[in-house]
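Order of writing sets the labels: A, B, C and D. Residues in every chain begin at 1.
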Amino acid sequence: MTIKTFSEYFNRLKKMRKNVYIDGKLVDRTDDRLKPGQNVIRVTYDCANDSNFEDVCTTKSHLTGEKINRFCHIHQSKEDLLVKQKMTRLLCYRTGGCIQRCMGIDAMNALSVVTYEMDEALGTDYYERFEEYLRYFQEEDLCANCAQTDVKGDRLKRPHEQDDPDLYLRVVESRDDGIIVRGAKVHNTIAPYADEIIVLPTRFMTNKDQDYAVAFAIPADYEGVKLVVRPAIHHKRIKLHAPIVEFGDAESFTIFDDVFVPKKRIFMNANGDARETPYAGFLALLFAHYHRHSYTGCKPAISEILASASALVAEYNGIESTKHVRRKLSHLIGTSELVYAAGESSALHGERSASGTYIPDEILTNAGRRLAGEEIYNEYKILADLAGGLAATLPYEEDFISKETGDFLNKYIKRNPKISSENVHRCFRMIENLLVSDLAGVNQVAGLHGGGSPQMETITMMSRYDLEPLKDIAKYLAGINKELNRYERPPVTPRKMLEKFRDYNKIKR
Amino acid sequence: MTIKTFSEYFNRLKKMRKNVYIDGKLVDRTDDRLKPGQNVIRVTYDCANDSNFEDVCTTKSHLTGEKINRFCHIHQSKEDLLVKQKMTRLLCYRTGGCIQRCMGIDAMNALSVVTYEMDEALGTDYYERFEEYLRYFQEEDLCANCAQTDVKGDRLKRPHEQDDPDLYLRVVESRDDGIIVRGAKVHNTIAPYADEIIVLPTRFMTNKDQDYAVAFAIPADYEGVKLVVRPAIHHKRIKLHAPIVEFGDAESFTIFDDVFVPKKRIFMNANGDARETPYAGFLALLFAHYHRHSYTGCKPAISEILASASALVAEYNGIESTKHVRRKLSHLIGTSELVYAAGESSALHGERSASGTYIPDEILTNAGRRLAGEEIYNEYKILADLAGGLAATLPYEEDFISKETGDFLNKYIKRNPKISSENVHRCFRMIENLLVSDLAGVNQVAGLHGGGSPQMETITMMSRYDLEPLKDIAKYLAGINKELNRYERPPVTPRKMLEKFRDYNKIKR
Amino acid sequence: MTIKTFSEYFNRLKKMRKNVYIDGKLVDRTDDRLKPGQNVIRVTYDCANDSNFEDVCTTKSHLTGEKINRFCHIHQSKEDLLVKQKMTRLLCYRTGGCIQRCMGIDAMNALSVVTYEMDEALGTDYYERFEEYLRYFQEEDLCANCAQTDVKGDRLKRPHEQDDPDLYLRVVESRDDGIIVRGAKVHNTIAPYADEIIVLPTRFMTNKDQDYAVAFAIPADYEGVKLVVRPAIHHKRIKLHAPIVEFGDAESFTIFDDVFVPKKRIFMNANGDARETPYAGFLALLFAHYHRHSYTGCKPAISEILASASALVAEYNGIESTKHVRRKLSHLIGTSELVYAAGESSALHGERSASGTYIPDEILTNAGRRLAGEEIYNEYKILADLAGGLAATLPYEEDFISKETGDFLNKYIKRNPKISSENVHRCFRMIENLLVSDLAGVNQVAGLHGGGSPQMETITMMSRYDLEPLKDIAKYLAGINKELNRYERPPVTPRKMLEKFRDYNKIKR
Amino acid sequence: MTIKTFSEYFNRLKKMRKNVYIDGKLVDRTDDRLKPGQNVIRVTYDCANDSNFEDVCTTKSHLTGEKINRFCHIHQSKEDLLVKQKMTRLLCYRTGGCIQRCMGIDAMNALSVVTYEMDEALGTDYYERFEEYLRYFQEEDLCANCAQTDVKGDRLKRPHEQDDPDLYLRVVESRDDGIIVRGAKVHNTIAPYADEIIVLPTRFMTNKDQDYAVAFAIPADYEGVKLVVRPAIHHKRIKLHAPIVEFGDAESFTIFDDVFVPKKRIFMNANGDARETPYAGFLALLFAHYHRHSYTGCKPAISEILASASALVAEYNGIESTKHVRRKLSHLIGTSELVYAAGESSALHGERSASGTYIPDEILTNAGRRLAGEEIYNEYKILADLAGGLAATLPYEEDFISKETGDFLNKYIKRNPKISSENVHRCFRMIENLLVSDLAGVNQVAGLHGGGSPQMETITMMSRYDLEPLKDIAKYLAGINKELNRYERPPVTPRKMLEKFRDYNKIKR
């Protein structure tokens, strides 16, 4: 059976080499501070094994025909894109935020397309290697981190121009059996409790950046890899146990200290062939694209979680039916719907790439992800607005238990006589977690930057959108052109992306 | 052949009784000030007869199996909703704005659902009458105005509470062969060049408002009907002929001076049956709903037209590649995509009503229409921003032709040496039309209010959205509830609308 | 007596040479289409002669000690800046918009500072000439246009790089008694009914642009000057006479067809001295600065006029006390207050320049003007929102008078029984003027671009604001610097502007 | 000498009775978790004793003529209001946020006005008591908390309607020598390290709420008072010591367990006189008003601190000169300037109340405070945007020190070769504190709600703003009224507030 359980996954983690550092110490993957992140991953295993969710969380492998976890699947249809989006939304409700596991499968889908394109154009055999890896990935129901973002040094300089050449991860040595890489990748969510790390390039590369145009996958505890980890977790509860505090995040600053990668795990730049360099940008872009499409699933859920908490606290505060509260809730809901709609529409306008993998529309995906990013801080503002100051001034749980102050606090926290003090307390304690905590800050930043900030989506949209045919509308209406042919904004999926990519890199087919 | 041509349509207009008033005069339907509006309608006939557009502009009647203009079609599938949306977008490109004809078919779709529901619940025979009317409508390829908005008098009072009982249109007499109605309807776009006027209620009605709960269709030149019309058209061009000035709008303040409506044209309140009264609100809502879904087709086009003009003038001004211009264009494009996506997603989550007519999702449609309304003035701002002051200070066309000033103006209007003065002139002349004209003002107001202002969409969304299951997410995360069942925001289409409608009106089935 | 009356001013206009072109015809300054603009100017003369307004509209000349119209005054104190701002606000209430006459005095104030600076640094005698001109200006209570904006051709090229060297106004010949200039200036509000045209440079000039660095003043009917004028006025009323339609605007595209300017009227570049060139940018900037400060007076009034109409129509519509209406009115009011506050605060932090003229703070003035520009379209949206569709669909006034339709319209327009139909009609007729008219479009564009668009204010703010001392706060808090000296954002007035100007142009004193 | 030092203040704290609870434990006022808040207060003492700041931080008592800390001063002039605003801004720079001590003096100023008004109208002697208390307050240079916000129970019910009558603080017993009060106050910043607690009513009170209309001042360690405290502080640094982590906040949930208040410390409802009840609302309002005016000093500083950090990190990231960064910085700066300008303008339009105390304009103050509240989350967004993800994923300081990972992290964090790794680290560590921490969350919520949320400012503005004279502008322009008298928005200060207060409460003078 290729669908694994959480305990199978966790048993794998237990066996891994110790290479996780937190707060100056080398720790086990069973460290308590990693548990909240692992609990997020648990939901992805549990739901695949839950008959209520199996329609969205599992599917059939196009490789083996086996039933697999959808987090291991290469999208074979528009429907697959739609269901992935839906799964993401539904699971996020259960974790109160980011489901984390999407990055692995987003990386795999991007690799499926680009390795195929390379093979076709250059006669390489990356797609075969990729399929072999995918088979293993699906069979073991693996959980992968995608390590994309380089530390980037001086942002005005390209990789090869940096004072320190290691500021982008690079191939330092090419051998018959593989390559040796050096560098660091940052913002690696999930890495300390992932099975695998999939390394992708972070940007377009010029000819001079050839050493930096590299992609591969390795086990997360591989020789030479160090994960310096910052967990973001909630205060434990004493009595008021609640799911919200069981979930958290851990971000890795991942160091590659001259790591050897064997041939079969390399998906780009295995042999130092300069013709592969331009594909780095294409791969970078395509991972970002899949990842942004995943955001059209999770971000709506996050808006809805914030709306849900807002509605609940508005009810408890007795202001649920006032006009301004309705308007603000409706804004949260509207944003959620619009972002989700963008993802669905994007799937609907998706297209099949040469490899068979489906790719969603780029304009729509970016428009959706951008709106989510633009709104994230405003959404927190709405929750803070409706909750009032108490979320930020709530005494600690111990004070609610203490003999000397507990009764007072429970008496004075009471609002609607029909709602128990405990429930009011639970509600505000949760909102405290959502608004006033390390994790709240991380979630805000992630909501803005994860998958690329609104700034990046604007750039992507505008580099793909063809303004010339659009201008034809104005030229026709102004009488500059005599005719207006039937104009439709074309889907911006593989064909268009590839064309632009080839044009840009002057690649002939 | 049931697909008619513009000249067939126009010949019908020529034969109509004179009942149009403009600027204090009774005028023919061939009056020059109505031509720009008729030119908009022309596009709907021309494209249905154009092989380039026939896939979107025509379809097969579910009644007769005949090929019909899609503007006469009752949506039989999600696909129908998607294609209607697409057609709306494509045709708007060609008219530089509102396609106007959608209101008729939106009214027809709403009637198809509600007459069926009434018959089912009350044993009436409205649906049969409706089908008969629809058959005629499709055969003749008719163009209809939907007269919904009453003048409403004191907005704090219900219809029956008004000092003057005529401030909402009402049945003043019920006869064996029909009813006599009195009142006025406003904001009736298209009415002076429509074949038919379809009258629908404007709001929910209480028992005491029974006389006001009425729906029917009559020819636009019917006895007792007076159309007091305000056209909004562009200045004619002398030499710089351009499509933009050929199109315009005319709004009617329509007076019903004791108009007799025969039985077969009445779709609600034909016999003074009080049980029908609650359906007034349902019909009002459903027309608004279809109309808002149409807006998810036209509003994206309007954003794109503004983006198109913005991109063109930015090119002519030589600033096309600056960052702030790219960002602003991208905002226009993003809004267009999001609104369109909301409409598509809404179609995707649409459902079949008992009558067989498909209804799009209400939350998604309203979220999309709302965003368009919220953004409309901002979109004009962006065009004004990129065009600069010249759109507002451009001398008249005659001055560009005049011997004494023409050469000077043409010399000094020149920008990029590669763009002729004439084209620069054409571009700014068009933007003057878009920004600085009666029609510009009308389009802004229509962009805000047409189909209901953002305020109304918020109210609609929140009256349909079920907050209780949403709150369950927060209750689960806070530990207030122990379990979270699989939650998905349910599609908000016929079932849900009907349920709420029945609950509200305490109707049992 | 140096305070003139409207009729004295108008008599001057009557005597002027015919050089105004409208719609291809050469017309008199008594042309009806110029009357609405002249009516605006009338308010500035009437109020100076009205005891109710004399405290704000008149003051004492620092040159002659005579009582003068404040529109002819050089600001001698912070109080002068505050009163000018107040006068602007109060007079705009009476014209329903822009008071137009500020540009002349803004130009004069800018000249007072820059001519003095030039004389001090270069030993020229411009300030003396300026004072002579000012004396005449004050004695005759003149009304001046400031012609600043060049047509600018290809915006990516500097003046001297243009294909056609005339695309910026320039000196084509230098003679002993004066200079000959050629070019065109655009967006010249007031020009066809101004006594004088004051020509200023539009931007910073490099050494190679020396011919373009020129400033002077000439009578508006001067030999070689052609004013190609676009008036924006309201439809005349038949019976419902109302101030709103009496006021309007006229914009001139002003052609300088080899115009001779005598020495005494030249304020820069009289003798082809290259050392003066850098002062062009300083003068351009300083006029913009005074003009933006004037906007902190007029824009609040415009927000209040829109708020006033919004409040009135909300009352008539019976929705005045609803929450969303209060919120929207309060937004208009808040914007007005913030912009006005920025102007006051700017005056408070103003400083005396070497010439004695007071200059307001640049950061504050730009922050205020920017907010006004950012909000202008939104403000129209609010009025449209509260008025509803009728402002855009209101039949013409004749239809309200006509026997066949008048009674119907008056019956059906009625809302609150206590408000007469005529008053409802008057209210919507005014809002039609405000929202749906050529002038409405012009006012929107002017609200955005007049005095420089938000884009320009951002650039100005950031080119003056010193980020380094600001960063010291962060450096201190982060522990990068050990100390934080007392930091205050310094006033950004003459000293700072001059320093930056000198640094930029490498001018030594 | 009435100006005290931090150590004098701190010595007072040390002597206080233990009544502070944190995390279930009764703690000393020397508890480490209170130190960061005390360090904020330290700045107010240090600067008053620092010749660099003495011009803003000290002034002359109008009571005694002694030099006093401005935090103990009753505003005697517009200048006093301006300087208080300036002091607030300057001191906030040094603490990286809220200066906390303003609430005490805001409460004292409100009391000075209202006690005087009561005495005048009712013949009471509260002002005398107040002056006595003020004398002590100034002499000892006291630091006071203002406890205003009640827990409020069911927000739809008035105090006397609550199920539990203690949900608003109230007089439970009136004795000859004083009163006994019961209840709780929340969001009491500073309380655990304040000398005094000044209790004020939270809202308007009806006749039936008489017991709740009470105001008084007591020592913070008074018998029966329990402070349940939630501190928000930063992680301590190991090596990278920095001011930002030295400062913090502590919020008290303050319980009044039948506390006896002696006569001389009661400022309202000392004798159960029902005529005093309406003054509760006036006092509530006036404290809020002074406090919002204080926010026009601190909020600009907070915007500038965020701008400062944004500018620094943009420099370190090498993107300082890109357009979008300039625009975003300029937005932060513009907001700061506008809010500050609103406060200055408000002071300028301030008026003297009968007691001699100056009161700033209410419309302007609220417009300024509201903008700050509306923008706060957006400002955090801008910092997060420019900082990038690292602020949220930065490994702990220990990992930068650790042998195994430190060198790697310092190598890879490097950007511009001229900026040391340590400084980059310091910069991001500070931004982590600003964005991703309990205190960050508290600051966001406080930025929104402190002094009243934007919702409250809108309500206050609209309840004071007189729409009728404003509408006269529209009535004149529309021709509804024939004349427009000179209209100016009147200052909204004591006269207007009192009038409205008296009208509302039907109080005759």
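Odds and ends about this structure:
Note that a residue touches a chain if its C-beta (ideal position, glycine included) is under 8 Å from a C-beta of that chain, and two chains touch if they have at least 3 such contacts.
All values reported here derive from a predicted model rather than from experimental measurement.
Of the chain pairs C-D, A-C or B-C, the one whose interface repeats that of A-D, sharing more than half of its contact pairs by residue number, is B-C.
On a Cα centroid basis, the chain most remote from subunit D in this structure is B.
Chain centres here are Cα means. That of subunit B falls 51 Å from that of subunit D. Subunit A and subunit B have Cα centroids lying 40 Å from one another. With touch defined as above, residues shared between interfaces to two or more other chains in subunit B number as follows: 324, 327. Those residues of subunit B that touch subunit A in the complex are listed here as 52-53, 86, 90, 93-94, 96, 240-244, 304-305, 307-309, 311-312, 315, 320, 326-327, 329-330, 333-334, 337-338, 340-342, 344-346, 348, 363-364, 366-368, 370-371, 423, 426-427, 429-430, 458, 461-462, 465, 467, 470-480, 484-489.
Across the interface of their complex, subunit C is touched by residues 322-324, 327 of subunit A. Those residues of subunit B lying in contact with subunit C across their complex are 21-26, 149, 151-156, 163-164, 166-167, 183-184, 186-187, 226, 228-230, 232, 251-253, 255, 257, 317-319, 324, 376-378, 380-381, 384-385, 388-396, 398-399, 401-402, 404-405, 408-409, 411-417, 435-438, 440-442, 444-446, 448-450, 453-455.
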